[in-house]
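Shared chain: chain A. Partners: chain B in the first complex, chain C in the second.
Showing the complex of A and B:
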């Protein structure tokens, strides 16, 4: 499994994702610049957190026009694995790979803390090492993390088990249905506001994010015809 | 059109007085340095470069008291930031800087650009910033909606900038006192890390080498920022808004990545690099030329400009943010431009290094400035200041003992004082974890990072207690450094060095200058004894509003090294059954305490002297015990005294304590002595810890599993439900911030 971490101008959790794979899990991972056009040879792509293009416009609204984006979309279509955390989740919704949008937190404040999450779906490529109903703790750090979609879309997400993580207990941002992370119907694209890459070492306060990356590394790589 | 006034008109009408240049200085420049009348642009450049903010002309004689060198110091004051050896060929680079005046006038942008400025100081040395702290001092937020707004916006400014840059804010302090109502203090601290081989300085040399401008375009924002910081506030300060800059953290992020790429991957292209901070292009270019003993020839028409029609004076003095000045080896200009282009940034050659030491500026086809570099940077007249011991100090008597009848009720009240209460409402607006190296985040004595790829850790803290310095500048100065050292040692780290922000009132007031002098003397004596030299810092004077000065607030930012990060010590109690020790003697240390302010409405009294030699010996013993793995938690006693300290040790743990302090009075539970800690120790280490710490350690009881804090005092027993205390402690600031009154 070869993993790409995309670096947009203003990405700042790129290092954290890279190090989670590289120094903690010893996986094969590389940075890929937003200027590139190809992700040939990669099996999974990570869209990191941060403030792409400063997020002066809607979060992720400019990043979706980056050179690398068509290649990310192609990976999703080919059934390869696409993961976005925080700003990466926002970019996935702006790209339309995931439905809905992330609004400003109800508090109108940036919030950084560790929250409880319920694993709602343990059948995705990213959650097979968790158990359905399990409560895990992951850090959040965002100003615009309130998930919103129209009621019909939310119903569809629920019906198709696309809600992967829900905030347990206090909802930190006002997201609908306490949604913290969702996947596409095929289950190969996951977007979430919490930061699993920040919870992979005991020294830093927890390892509940580790199973997410381990689940991904467990997956069979997908080969397309072109390869 | 270029020059708004002729040299003769300047001499006659003296516009420089508004720019904080005195008539004496003007005459000295004209008669003794230039031997002619300076023109309008030149006069403006002198006013900026000779401002206290850029030249330290008033504080320099006092700053010489500080020790600046030591075996680990690689770079002391005088550069962008101080550099300290942390072994293995690595170094930390750190500095704190005040942005008090801008934050008072426009809290959001003032705070944001304060953070931006200090980060540039760090990466201009070649280091990648990896952590920030901030020391914030506000007026009371109770019953003051304007101050609440200012606090909210200041915190948002700090957060938005650091969060976007992806640099964790891992600690700091927030205090509230009426003395800061008209003049908020924002002291931003940042720390970076680098391989020692990557170190760069603000140097411009080599005739023919290029002076390159990179980053944001120059606009009219922030003109006079440096002179603005060198004046008092008055009721007129609403009209000073144009002196506050506007920040763009995204631009700074790109600038940082591009500069670090040039510095680290192409060190031979780059002669020197410096941030354009206070007084913009003129200070960065003149200081770099002075450092390189060079002349410089700049064409201002080449400076990227945000708006047309800017005068030479405006271009040179603009404090537009996110700009850097590079001195690049001749022939590598295009190479540097290509690196910056990768980050969609422009890099422009605006001039060349010349022989002869002249500072020459061209604008619109004219030479608008032609003066020796040294006149701007090195010839500044130091201003001897009159000083006089403040009358209040001669009249001071020992503080009366506050009347505390009910220990529990007072503890509850103390925990809700904004200076003592949890600052989580503010600090959780900062990303404290990005870069995934934060071992201890906000809410502890010190923030702690691991150094990735090594076994080391770094502890850092910012501390400034204006009340102590106000009551006794010398002892207050010692205590500022001792408190910082206590925080570092509590985390299990060896104190390395400090940076400081000296926030004072108008130095032309002899009493205020005396405060500055004597508090610096106290700090210097403490630094010498604790072997923590001052490697960087800044001075912020004129912190007054309508003649009312702030408490003299000496903010100390200290950095410590943890040799084995697995041995980091936190403030939190770990296990039921652990022994609880009080380190140090608590007397009637009420002068300047939170309990005194709360019950008496004001602070008064004299501070007990501090034996800094003894403090040093104690800190060494504690650190050695921590390094030997004998200490499960350590927290120093500061605002709110032992009562607040014990509560904080227990919050979030579910544990309790059963303690007996024998003869301690109820009021003493809230006294604020220097050099006292609460530590917890596993029962099997009891004997060894008592042997190592001797008389300093007093066994007070043990950690319990029941979540109740029981404290026996001389005349009463306090029994508290820790979770109830914690709710009060956590809710106090959110409740105040959201109140409508």
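Showing the complex of A and C:
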């Protein structure tokens, strides 16, 4: 399993993601600049948190036009694994790889704290090491993390078990249905506002993010005909 | 040259936290006659004379970039028409 961490101008969780795989898990991971056009040879791609392109227009709206984005879209279509956390989640929705949008927190406050989450779906490539119904603790740090979609879309997400994580207890941003993370219908694209990469060592305050990356590394790699 | 002002706002069904906060502040000023405030933003686009179908160009830019139709809507007005 070879993993790419995309670096956009304004990314600031790229190192956290890289080190979660490299230092903590000893996995094969590389940084890939947004200027590149290819992700050939990679099995999974990570879109990090941060403030790509200064959050101009809308969070994630400009990153969608980066050179590397068609390759990210191709990986999703090929059944390879695509993960976005925080700004990465916002980019995935702006790209249309995940439905809905992330809007400004209802409180209008930037919220930075550790929250309780419920694992709603443990059948995805990213959550097989968790158990359904398990409560985990992960940090959040965002001003625009309120998940919004029309009621029909929300119902479809629920019907197809695409809600992967929910805020447990207090909802920190006004997300509909307490949604903290969703996957696509096929289950190979996951976006979430919380930061699992900031919870991979006891020294960081917790290790509840580790099973997410371990789950991914458990997966069989997908090879396309071109490879 | 033609200048077009494109207004982007939340759909009426979407909670607008800034609008709600500003409404509260207006009520604090004593203006209870203000029922609600909707916050949005506008973009002024200056088109040069090469534009052939202005409405189509505006729609394309709005739908592909300026507006996120999951939560937003838009309208526009032509500020300065070509002579």
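Methods note: the second predicted complex is superposed on the first by the 227 of 227 C-alpha atoms of A that agree within 3 Å, B and C clash if a C-alpha of one lies under 4 Å from a C-alpha of the other, contacts with A are read in each partner's own complex, and residues count from 1 in each chain.
Going forward, a contact is a pair of C-beta atoms (placed from the backbone, for glycine too) under 8 Å apart; a residue touches a chain by one contact, two chains touch by 3 or more.
The structure presented is a predicted model; accordingly, all values stated were derived computationally and were not measured.
Once chain A of one complex is fitted onto chain A of the other, the partner contacts of A:150 are limited to chain C, with no touch recorded for chain B. Measured by the number of chain A residues touched, the leading partner among chain B and chain C is B.
Judged by the touch definition given at the top, the superposed model places A:174 against chain C, while chain B stays out of reach. Once the two complexes are overlaid on the shared chain, A:104 sits against chain C while remaining clear of chain B.
Touch criterion not met for A:222: it reaches neither chain B nor chain C.
With both structures placed on the common chain, the touch criterion links A:54 to chain B but leaves chain C unconnected. Annotation: chain A has no residue touching chain B in one complex and chain C in the other. Considering their complex, residues 156, 159-160, 163-166, 248-251, 253-254, 343-344, 428-439, 450, 452-453, 565-566 of chain B touch chain A.
Across the complex, chain A meets chain C through its residues 57-58, 61, 93-94, 99-101, 103-108, 148-150, 174. Here chain C touches chain A in the complex through residues 10, 14-15, 17-18, 21, 65-66, 68, 70-71, going by the rule given at the top.
By the touch criterion given at the top, residues 9-13, 15-16, 19-20, 23, 49-51, 53-56, 109-113, 139, 141, 143, 195, 197-198, 200-201, 203-204 of chain A touch chain B in their complex.
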